[in-house]
Amino acid sequence: MIVRPHQHWFFRLFVWHGSVLPDILFRLSLNLVMSVIAVICLQWYEQLGVRLTTAPFSLLGIAIAIFLGFRNNASYARYTEARQLWGALLITQRSLLRQVKSVLSDEAEIQQFSQMLIAFAWSMKHQLRHTDGRDDLRRLVPARYLAQVENSPQPTNRLLLCMGDWLGEQRRAGRLSDVLYSGIDANLNRLSDVLGGCDRIANTPIPFAYTLILHRTVYLFCSLLPFALVPDLHYLTPLVSVFISYTFLSLESLAEELEDPFGSSPNDLPLNALCNGIEIILCEMIDRPGPEKMRPDGNCMLT
Amino acid sequence: MIVRPHQHWFFRLFVWHGSVLPDILFRLSLNLVMSVIAVICLQWYEQLGVRLTTAPFSLLGIAIAIFLGFRNNASYARYTEARQLWGALLITQRSLLRQVKSVLSDEAEIQQFSQMLIAFAWSMKHQLRHTDGRDDLRRLVPARYLAQVENSPQPTNRLLLCMGDWLGEQRRAGRLSDVLYSGIDANLNRLSDVLGGCDRIANTPIPFAYTLILHRTVYLFCSLLPFALVPDLHYLTPLVSVFISYTFLSLESLAEELEDPFGSSPNDLPLNALCNGIEIILCEMIDRPGPEKMRPDGNCMLT
Amino acid sequence: MIVRPHQHWFFRLFVWHGSVLPDILFRLSLNLVMSVIAVICLQWYEQLGVRLTTAPFSLLGIAIAIFLGFRNNASYARYTEARQLWGALLITQRSLLRQVKSVLSDEAEIQQFSQMLIAFAWSMKHQLRHTDGRDDLRRLVPARYLAQVENSPQPTNRLLLCMGDWLGEQRRAGRLSDVLYSGIDANLNRLSDVLGGCDRIANTPIPFAYTLILHRTVYLFCSLLPFALVPDLHYLTPLVSVFISYTFLSLESLAEELEDPFGSSPNDLPLNALCNGIEIILCEMIDRPGPEKMRPDGNCMLT
Amino acid sequence: MIVRPHQHWFFRLFVWHGSVLPDILFRLSLNLVMSVIAVICLQWYEQLGVRLTTAPFSLLGIAIAIFLGFRNNASYARYTEARQLWGALLITQRSLLRQVKSVLSDEAEIQQFSQMLIAFAWSMKHQLRHTDGRDDLRRLVPARYLAQVENSPQPTNRLLLCMGDWLGEQRRAGRLSDVLYSGIDANLNRLSDVLGGCDRIANTPIPFAYTLILHRTVYLFCSLLPFALVPDLHYLTPLVSVFISYTFLSLESLAEELEDPFGSSPNDLPLNALCNGIEIILCEMIDRPGPEKMRPDGNCMLT
Amino acid sequence: MIVRPHQHWFFRLFVWHGSVLPDILFRLSLNLVMSVIAVICLQWYEQLGVRLTTAPFSLLGIAIAIFLGFRNNASYARYTEARQLWGALLITQRSLLRQVKSVLSDEAEIQQFSQMLIAFAWSMKHQLRHTDGRDDLRRLVPARYLAQVENSPQPTNRLLLCMGDWLGEQRRAGRLSDVLYSGIDANLNRLSDVLGGCDRIANTPIPFAYTLILHRTVYLFCSLLPFALVPDLHYLTPLVSVFISYTFLSLESLAEELEDPFGSSPNDLPLNALCNGIEIILCEMIDRPGPEKMRPDGNCMLT
């Protein structure tokens, strides 16, 4: 995620990092080349007696804009839902720790539980980004659960199972009545919702045909556009054509970037910073020293 | 579902499988034929003194694009809801198994319950795809419930009833207090929500008149389009006309495909893979060997 | 509701029943007459020195399409919510019966309760369609509650009250602990949600002014359209004008039809079939013979 | 709210009451005057060598239509939410009374509680419409709570507090176990949600700048429109200009009317009728005579 | 927030404060300068043989309007959600106080709890606006919790922890059964939801690339527009160009303002007034004198 809060409107026009320009630069250059070709061929082209007029391109451009608006909505909804799930993760973990602190008194047990909560967040991050999470597991998971979590093919879900186990133990030991147990267990259900929701977003893309149809129509539209513009605009064709192409290509490209909000491109969610924030807050709640807060790097980038 | 994660943008332009091209190819060909007829008849057509201009077609095209955007939204919302329900299925089954494991201790009973959970997923798949699920039921449902499930006209709902029965038995045997029973029963209610939600999507299409109106207007629009384009575009009519028709026909066709997300076309939900995933995860949670993970076939296709 | 699942795209173009054509045929004919008048008067009209151009009609048409898209969204959201409420009805009734079966053992009591559940669905249908439901009440409601239900001005809500009464009785008789009672009572609350939600949709239309504004602008737009098209299109005016009018009028007409999803036009919800389905499923759950399943009539129509 | 269910489409074109015509008539007349001025000045205006063309007005009109669509969505969402909150009010009150009737037996206590429920609805109505509710409070609130409710600056919230008090009393008197108490208390929380939700809608309008921007652009657009239309349309300018202005002004005006759904204009919610309905239904549930049902007045108007 | 309820439509046209005019005035002036340059250079520009036509600008303008509509939706959704969270805060705090009052009897304890609720609201405000909240904490937090709240880097969350602590104490002292404790604890979970939700909105902006793309395209579009309009409009170019630019720039500027609803610009949420309202209501509920109600300042502004 790019963090760039209070910039002057004028300087924003020239921001490079965090825009989608790097991704579409090549296609924009192709469009520029097409425009120059269109300008050069104009005379020969007019003798041919055929001409592309702007009218069908207006119709097509507006139709594509409407469909692109739909796809942006769909991608952004995935991004928003992903962020809400990570928000719910923090909320539920705070609630769980508050509940446990308010009814139990054994400090060591509470700390073990909070370690498992923190491990859950990091492990979910590794699962969503397909990275190796064993270092974080070893650092955080209490010894008595480490073996089964580390050996499981689904360590995040196994952590949840261990928390259920830990909770059942407290109940069997008589430290929790059934009613209190149920109240806490309901929040474990919510953690399960978060995990399942993130998995769903990560594993089920927007139907591939949407991506294909828009990818193709946007590309073909931008490629043919210079030939429709050149009879009226002559030397101004490259300027206008590249401008219109920029509008369409950049939104198509951003929609694709946001479709997988757990990736590591500049507009994706900063999962590392979110996990770091969870760890800081949970440590503070049990009055233990937590890690340093992550700061954006030189490009205002949080990962 | 087509799985095709990190392809280069250029090669995407030529993907065949998973696009809706196979479905609309015939209609696109018809449009091409119409365009060629329009080009051939142009001279005779101009002598007639009547001409279709682009203006009313622009208006109509944009109006149709707006309505098509609405229909795409409606179809995509069904697809998304269906996927969310299957996500909730996995989440709830994991929660149920965690709850049961954390408060009961009889391994055999727990395994029977997990078998019923897995059977519920497969049985729901068969119900939604109208296939014969008896093999899966025989493979999974514990012996004491098999007869009544197999003989029921609604085996999926009957499985839920059996789970309620199993749970009531644990309560009557004194292994669960009423409070713990209620906590687990609440998750059975959520399974019932999932089943009812999927049934609703499968049985109630988008009102048929929407499909009809858009089907007709899109088709008639694409058929008349060449005659409106030909006075300006001459030999370029087929190119532009097929391009515009592709945009409209492909989105209309995809909207129809997504309307029934439980079908087996390339953009529908991969119910087999989802059930397989549920089975693997639930088996792992009780430390039993599960099935192999399904992989996409040669066409990147998961069923 | 029209049921017409896997028809070939070509034959769909000519479907009559279930389309909104019957409703708008008269207005389309008026439009045809207007178009013919416009063609006939063209010469005289051009001498007048005034002409309607297409440009303001394009602007107006697109604006109306945008507002019509908004109204379609609103109507379709009502339709969808109505269907979800009836889905929640089935889900909650199944859950209630499962809960009752799993904690009670008296077969006769359970059957009485299931009768009341079925009666609730039928009674709600009669209330929403303003039909006389006394036959269904007499057929289904257990004798001890029949009198008060039949005499109540709100029989559906009274049935809910009787179920609450029945449940309270089981609790007072010691067959249900308070905790179990609360779990079942929560589902009675959901039945109350369903009833209240359906009532709300039936009693509060979309603000009447929306209907009026779009009704008027669509009608006036379609009436003036031929005069704007005729200078360019000459003899083709009737074709294009009727086509554009069909697009706008049919969507406006369908939006009005869906606004009251409990009516009995072809695109409304098949409440009879839904009630029949509920009765079949609940009967099967307590192993009693249920009614026959309703099938679509000759016009693929479910009521 | 205007109630006008099954009118013929033709007569709807001429409905006056309940349309927004009365609100925009003055602005429409201004537009008519502008159009006539444009027609008169045409000759002089053409000699000036400048002309407003339709093209930039098409662009502007469509852009405004898109933004107006957004604002209509926002206003209608507020209207819908307000109606849902009042629906939830009835649902929750029915559920509360059912719960209380099913577990308590003292008729007098139950009746007092139902009186407070009815008073809650009327008091909320007075609060939302800024009217004096003391008469209704005196008529409905039981004597032992009347003083503190009447003297409170927030009588509606105070009533909720009294219901909590009443419920706590039943619990302390041993008539309700803690579990039953909690089940009923959860529904008091829902009443609190309804009250808070309505307050929020009433106190937080759509950001004022949206209203301003659309108000201004719609008005300026309609004022300049005749000058853009007159070069093509001549004597027909007033007709087309007033028609287009009607479309934009009426939707802008309706959006503003719906923004505050608790007002008393013809398209707002009929709070009196809703309260009256609640009173009838709750009275019927405890077999007491209720008030007469309110009927629409001569203009089909429910307040 | 600007409060300006029942103004006449005519005077609204000239409102200055609360509109976004101050923010975009400079850019509008630039546009005016560009328009004048375009008018002056027209002759020389026409000799050049190139001309920008309106057609590609219509296409571009409508596409930008569609994307701007999307961005407005996203920003407004954040604003609405933020307001709903603050609504839920008040609702939950009222419910908590009602629950506590209905089951506990120690006035001093209840007052301490209500102080913590009020402190929670103020502390959340300070956290969201990055202001120093220590004065409010000292004024409100009971002495026994003040030290740990004041020293915590997350005072708002720490307050929640203290409330959990307070509640656990009541339970351990036998004043609350486990069931009652759970019912109140569930509302503490909702407070946690509110805090987490507000944090999420404050810390995760709409992906920066959306802001950039629209910022750039809107700016470039408005800058080039005069050159496209001038060949047709001549001396009227500045008027029309500034009008169109106003429409686009003001909506883009407002979308940016609403993106951070916790700021202190005129269209943001009045957090001070909301906290003040909460304090008044909670004080009234325990019959204590509360603060004065905040009134809008001279510019109808609530902070």
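Each chain carries a letter (A, B, C, D and E) given by its place in the written order, and its residues are counted from 1.
As a working rule, contacts are C-beta pairs under 8 Å (C-beta built on N, C-alpha and C of every residue); 3 or more make two chains touch, one makes a residue touch a chain.
Since the model is a prediction, treat every value here as computed from it, not as a measurement.
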item: Same or different contact residues where chain B meets its copy chain A, judged by the half mark; value: different
item: Chain centre separation (chain C, chain D; CA means) in Å; value: 23
item: Centre-of-Cα separation between chain D and chain B, whole angstrom; value: 38
item: Residues within chain B bordering two or more other chains; value: 55, 58, 62, 66, 69, 73, 179, 182
item: Chain contact graph, described as a line, ring, star, complete graph or other shape; value: ring
item: Complex contact set, residues of chain A against chain E; value: 1-2, 4-5, 9, 12-13, 15, 18-20, 54-55, 57-58, 61-62, 65-66, 68-69, 72-73, 76, 79, 83-84, 87-88, 90-91, 94-95, 98-99, 101-103, 177, 179-180, 182-183, 187, 229, 232-236, 240, 243-244, 246-248, 250-251, 254, 257-258, 266-267, 269, 281, 284-285
item: Sites on chain E touched by chain A in the complex; value: 27, 49-53, 55-56, 58-60, 62-64, 66-67, 69-70, 73-74, 152-154, 157-158, 160-161, 164-165, 167-168, 171, 178-179, 181-182, 185-186, 188-189, 192-193, 195-197, 199-200, 204-205, 207-213, 215-217, 219-220, 224
